[in-house]
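Here come two complexes built around chain A, the first alongside chain B, the second alongside chain C.
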Partner chain A sequence: MADKVVPIKEQKLMDVKLGQLPSWLAARDYSAQGIFLGFKAGYDRFFNKYINVKNAGIGGFAMLMTGYVILSYTWSYSHLKTERIRKYH
Partner chain B sequence: MMTNLFNQFEIPQMFGTKMTLITLLLPLMLTPQPTNRLSTNRTYTLTKWMLKEITKHLMLPTSKNGFKWAPLLTSLLLMLLTLNIVGMFPYTFTPTTQLSVNMALALPLWLATVLIGLRTQPTKSMAHLLPEGTPTLLIPTLIVIESISLLIRPIALGVRLTANLTAGHLLLQLISTAALSTIKMIPTLSLLPTVLLILLMVLEFAVAIIQAYVFTLLTCLYLQENT
Partner chain C sequence: MLSRLALRVLAPAALRSWAPSLSVGVGRQLHTCQQHLAPVPPLPEGGKVRHGIFPEEFFQFLYPKTGVTGPYMLGTGLALYMLSKEIYVINHETIVSLCFLGFAIFAVKKYGPAVAAFADKINEEQLAAAEEVKNDMINHLEQTIQSEKKEQWRAEGFHYIFDAKRYNVAMLLEANYRERLLTVYNEVKRRLDYHVAVRHLKQRMEQDHMINWVEQSVIQSITPQQEKESITKCILDLKTLSKSARATV
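Showing the complex of A and B:
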């Protein structure tokens, strides 16, 4: 039985064939709202899988904070590289 | 060695854009969305319990007119608490170390309480300028003093939070530099700064929580005087 034809815009990334990848990338919404909704969707997936569950432990929160720490490190790298330990100053 | 001790308080940037808004919105990301379910999951139950306790303790001494401030004050406390505690993680940016953020919170809140008092019960709120039982000769002086203390409240509110957190972070950085630089050369000497650092870290967590509480409590107090 043949599957129903799904337009490329509505397919999930894991269902897209490798040859269709450039057209899938071109069909995505790159406006400000689109990017914001993309981040929100990604965060909601993470949140509902690890934090908003019945028996949540420290794991979800720890993963989130680790990610935030790494992100903050990349943001403040230009300040931090002046603080390297050197033999001669 | 660092070039400038205050480099840690610089606002993080990505390709020239300041990331202040994202760091300020972090508490929003950490709070779960409310649901209509009776029996909720662990995260939401804990959050709901904490919010109920906060609201109860804030609204207990407040009069009925002040109840409409409950959402504002609870969310203020929650935001400050989250921002302060997340700022204790390494490399993170604490927006509450910036005077601009704290003054932007303190000044409108204080002004709102004063204006509400003057609008709804002007006599009673002006009466706060003179404590009970003052000798007659001291009345003019005391009114001037009380007015100054009233006007200095927003500055005190904002600067208190900024100074406490900035001083804490600065101390932490100084002592950790001392510990790091001596740990290779004289390990025994570095034991003292390391122990001090651990104790200071505990203190900093406490200060982070307490300062958020003090800010909200004082705002609630100014509200009680004026409603």
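Showing the complex of A and C:
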């Protein structure tokens, strides 16, 4: 199926071919408002899919907590490296 | 007063010039944009999540290439990699997190449905209250429409009332007119009767006066000598009468 030609800027990430990835990244809006809108779009997408729905289970909250756990582990990894069991991996 | 009359005549023209849109169907200028707020669509179904933290789309994304066990193999490989390279370090916090996760999973599995039912109940109560307000408003407005229609029907029948009232007023006027006519007639008759009575009285008084005057003059004309002569004549007549009467008896 031949869709009408959509410019790189407006394509969603999953529709971008692998070779077009750098140009897609370059075409994104990195101004202050652009970054803010990007965060807001992500927030809205996540919340409208997993939290502001009719039968929201533990999934939305659990995903957020998992992300927080992974993020805090990443931030404290340089300290946790000192508690390793083996020296050579 | 004339200025007010002039204003009243000019008012429609002025209104039309000030608000040109109002004279042509009022409802057309408003609500030209699509209405976004009503009716509010219901909340959509949530995104599916497997094992509490992995979105279903991830499993579907890997299904064509790796089948059903693909994501699980990926997870196992990743876990072993992290452990073996000690990207994930096992320390006291691992034990804490394991206990905590076990407890959390147990709590969610045991009390999750109850909490969900409670939240759904609250939601439904709010929805029902809002629905009730809406239905009440709709009913109230429908009743208003009905009563308005009834009033319009009643307004059609007003000419009966007006006819009856006009008839009543005509009756009143007629009765009043006749009453006054009667009064006039009575008054006129009274005045005429007065004149007639005066005339009769005058006639009677004249008659009486004349009779009295005649009597008086006759009595005065009877001189004492005439009186004596008349008395002797009366006695003689009586005697003759008594003789004739004795004769007959």
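By our rule, the second predicted complex is superposed on the first by the 66 of 89 C-alpha atoms of A that agree within 3 Å, B and C clash if a C-alpha of one lies under 4 Å from a C-alpha of the other, contacts with A are read in each partner's own complex, and residues count from 1 in each chain.
Keep in mind that, in the parts below, contacts are C-beta pairs under 8 Å (C-beta built on N, C-alpha and C of every residue); 3 or more make two chains touch, one makes a residue touch a chain.
Every value quoted in this text rests on a predicted model; they were computed, and no experiment measured them.
In the superposed pair of complexes, A:Gln20 makes contact with neither chain B nor chain C.
By the touch criterion stated above, A:Lys81 is placed in contact with chain C alone, chain B being left untouched. Contacts of A:Ala56 after superposition: both chain B and chain C are touched. Contacts of A:Ser72 after superposition: chain B is touched, whereas chain C is not reached. Looking at chain A, you'll find residues 52-56, 73, 80, 83, 85-86, 89 touch chain B in one structure and chain C in the other. Residue ranges of chain C in contact with chain A, taken from their complex: 42-49, 52-53, 55, 84-86, 88-91, 108, 112, 116. Those residues of chain B lying in contact with chain A across their complex are 1-3, 7-8, 10, 12-14, 19, 26, 29-30, 32, 41-44, 86, 89-93, 180. Interface residues of chain A facing chain B in the complex, by the touch rule stated above, are 43, 47, 51-56, 64-65, 68-69, 72-76, 78-80, 82-83, 85-86, 89. Interface residues of chain A facing chain C in the complex, by the touch rule stated above, are 48-50, 52-60, 62-63, 66, 73, 80-81, 83-86, 89.
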